[in-house]
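Look for chain A in each of the two complexes below; its partner is chain B in the first and chain C in the second.
Right, the complex of A and B next:
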């Protein structure tokens, strides 16, 4: 009995360790103290006003440098990249998963093993390998290189998610559909696609979230002057801790939770 | 023969583009990087396409020319990275194992929710999670204020920019990698077996060592590998929480690419990381396979 109580205390401490830091950021995004963020000095929405370009006490100061245009540009780049990579990697990852699961071909096992490699590869190694590659073949670093670079590992995440879904399903329904005279395209549209849709959707969501958050690989292949949101925040951190980072972080948190909740909601409805 | 041909065609249709894409943009870059690690660094950051083994010589000991000299500092940084990654694995294990055990004993509905709660932070931006720890560990941060508040210390302790900060940060960001494989193997534990062990007179510690530990070894090994790999090559955590004081191999590689502009040397360092990862995966295969045959 005593041991199980000890385990409970330990488990609760674990969740405090996991969530306290995040909650702290949210809490202090409302702290009015502009000098020491860690000392509570009343509730304010100034940091949110600041990042939305509204006038606050801080912006009135003569030393204030407005960096909101850069922030918006970074958000825009992140969204463009994430939407493109999600589309491409979902398409490619799903195609690979279907091929490996539904066609018995000789290299299927090899595919399954090799497609894990991009996920295991340390991201700094992939980042510099891509940088060398793009420079060697004469491709200028741009949004395009970020999209291509991120897809190399996002495909694997979609592949794994869709494969997991395919493994749960019975291929006999597809065979039945073919036996009843449906063309392969009809079978795919009417039978295969609806059944794997939750897996595809889950994979796409995962790809989107990972792409939005990718820091290391993007950092190496973004090229000068192009930043995504994580790189922008990292830059802000290196220039010094500013209270508005709390507000940006909180908004990112809300965004992630919203995306994840939509995913979970849709998944639960399918069930 | 027609359906057969159609089958081949649709298979090629599915495989063709993705395969070409990955061959070109994933495997080619890795091969070129490997080639680069054997090329001569040019004077002003470029590269000369002649064979050169001193990139490795500078790290491993045989470089002894005017420009390329062996410096033990690279091996030291490599060893420090291995050490910090190993300590991160150890802390993650200590933090996650009892918790996974606790959650595995909950009712199914609660269990699902608890697992969801463990994985959720993984989707929170890495840089945001690290920023949170900067706030906590700074001299004026939460931890120091707490310690000074209870009178444990009168001067703020420098937590930030230490090995401690880097280990805490890496443990924090990689927890799901350790937790999920661990949980998967702990959940499969046979309760009857545990009861049998205690009925037969084994102490709790004996049960743990002889029954629980061997049964959950695949999870321990899997989680450790999945944590160790990203920890070893990491450079964001050490650069945010370790500053200039805790340099890991990832920081060194980044420097070679973005400030020192010695790409062949940076590639050689990256190849060392790859070699360590590969070795580790082989070790895991042997550990888990050997276990499977014994059972």
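Right, the complex of A and C next:
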């Protein structure tokens, strides 16, 4: 009885510890106090208005510099990067997972291990390595280098997710398909792919979300011209914590939850 | 396709596998079989005897090291699985979980490019055949084990195979359902008039269902024949021992008479020298009968009731433990009781091998 009460307290404390900072950010994004966000000064939507380029008290001040276009550009870059890397890493990650699961070849274990390394590699090492690599081969830093660079580790995430699904797959269903007259391509399209689809979809979702919020590696390989949303926010922070950062963070949170929820919903409907 | 061609001919098939330790295992050692007409043939053997490998080389999932597979006169040895005119019911059923029952059953027709109406009527027909009428729209996860088994059967049959291969399809079912399915499979086979090749390690199943049984061991066919022949006249000790219970008693034959170790003898002309007399438990009885008989005095060392009879273990004076099954006539001897069991001299079978 006493132990269970202790566990309840522990459980609550745990979730407070994890979620309180996030809830504070959401709360602060509605705080009207423009100078010290720790002091509640009434409810406002001004910070949201601000990032959507609408007129507020702040924009009327003579010292205000409008950064909305840069913010939008960063969001656009992030989306372009995330969609491209998701497509590429899903394709390659799935193909790799199928190859490693299907074919017995020499050093298969080493091959599998090498595919997992990018996931545990320190971001900063990967960032530096990619930067040096791109400079060495004479590639100018651009959106392209961000996409190529992020794919190097996103492929690993898709590989792991799809591999887990493939491990549960009864290989005799592919034999059954062939047995019933389906060519290897038909078997892949009608049996293999639909069966591993939840894994592929989950991998794609993971790749998209990780790409959207990667800061460290992208920071190294983004170059001066193009910034992604996390880099933009980081830049804003360096000039002091402004209240609109809370609003941006809240919107990103909302977006991520929405994407993950849609994913989970689609997965649950497939079953 | 010539009319006289056998549905299936396996000619000198050999196959070996490499083990992870670097050795080789011979799964098939120069196996030849020929199936006639619309036969129900069972490949029977202990696990690892090569029966599943043989089935998989027929379906095309394994290739042969040497030898040929001929189906209705066409040599399909080098054909990929999806081009062979055979279909398989898998041990694990291998149903497509992302498709409905109807789409599973209609899969082969869908692949063959049949129109929706044909597929629907064929699927309905097949589901009726296996007793699952109206379950087209169920999902696989909603089915019981027995129903899945039937869907797997309907799916394979919907492809209109010239030969149906069944890889231990009943092994996951409980005993009652199993017996029911055994009868149904046999009925369906007779109704469709196509050849069935059935793999099992269950001897009762093999004897019940088959027109012919091929007993496999060590990658070779030990004996092939009608269930009755195999049971009553096994060609070697392996078959005698694997099919049912048997008492194996050393004999020595000379000049048309076979002698047992204790001096008893019976007329037998098929053998000269040492051999083994095989007595099935049900051939032993308490009464000597009218004619001459072999007598085995001893003491009952164990007694089991099976429902239809009593299984006795007799510690005999000269031949060690003997197994007997006795009808429950109200006078079945108790454990420890001294008793003499008799076997008529009619239809005694001697195997030309010596018990180790």
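Methods note: the second predicted complex is superposed on the first by the 270 of 271 C-alpha atoms of A that agree within 3 Å, B and C clash if a C-alpha of one lies under 4 Å from a C-alpha of the other, contacts with A are read in each partner's own complex, and residues count from 1 in each chain.
Rule of thumb we're sticking to: contacts are C-beta pairs under 8 Å (C-beta built on N, C-alpha and C of every residue); 3 or more make two chains touch, one makes a residue touch a chain.
This is a predicted model, so every value here is computed, not measured.
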Three-chain arrangement built on chain A, chain B and chain C clash or fit: fit
Partner chain in contact with A:129 - chain B first, chain C second, else both or neither: first
Which superposed partner A:252 touches (first chain B, second chain C, both, neither): first
Touched partner set for A:120, first chain B, second chain C, both or neither: first
Degrees between the directions from chain A toward chain B and toward chain C, using C-alpha centres, nearest 10: 90
A:181 touches, of chain B and chain C: first, second, both or neither? second
Superposition-derived comparison: chain B or chain C, residues of chain A touched: B
Contacts of A:30 with chain B and chain C, given as first, second, both or neither: neither
Contacts of A:148 with chain B and chain C, given as first, second, both or neither: first
Partner chain(s) touched by A:19 [first = chain B, second = chain C, both, neither]: first
Nearest Cα pair across chain B and chain C, whole Å: 7
Shared contact residues on chain A - chain B and chain C: 184
Touching residues on chain A, where the partner in the complex is chain B: 3-4, 7-8, 10-11, 14-15, 17-19, 21-22, 24-25, 28, 36-38, 92-93, 95-96, 98-99, 103, 105, 117-118, 120-126, 128-133, 136, 148-149, 151-153, 155, 184, 209, 212-213, 215-216, 220, 229-230, 233-234, 237, 241, 245, 249, 252-253, 256-257, 259-260, 264
Residue ranges of chain B touching chain A (in the complex, touch as defined): 6-7, 10-11, 14-15, 17-19, 21-22, 25-26, 28-30, 32-33, 36, 95-96, 98-99, 101-103, 105, 116-118, 120-121, 123-136, 138, 140-142, 145, 172, 175, 204, 229-230, 232-236, 240, 250, 253-254, 257-258, 263, 266-267, 270, 273-274, 277, 281
Complex contacts: residues of chain C adjacent to chain A: 59-61, 80-83, 86-88, 90, 92, 94-98, 107-108, 111-112, 155-156, 159
Chain C-touching residues of chain A, taken from the complex the two chains share: 170, 172-173, 175-184, 186-187, 190-191, 194-195, 197, 270
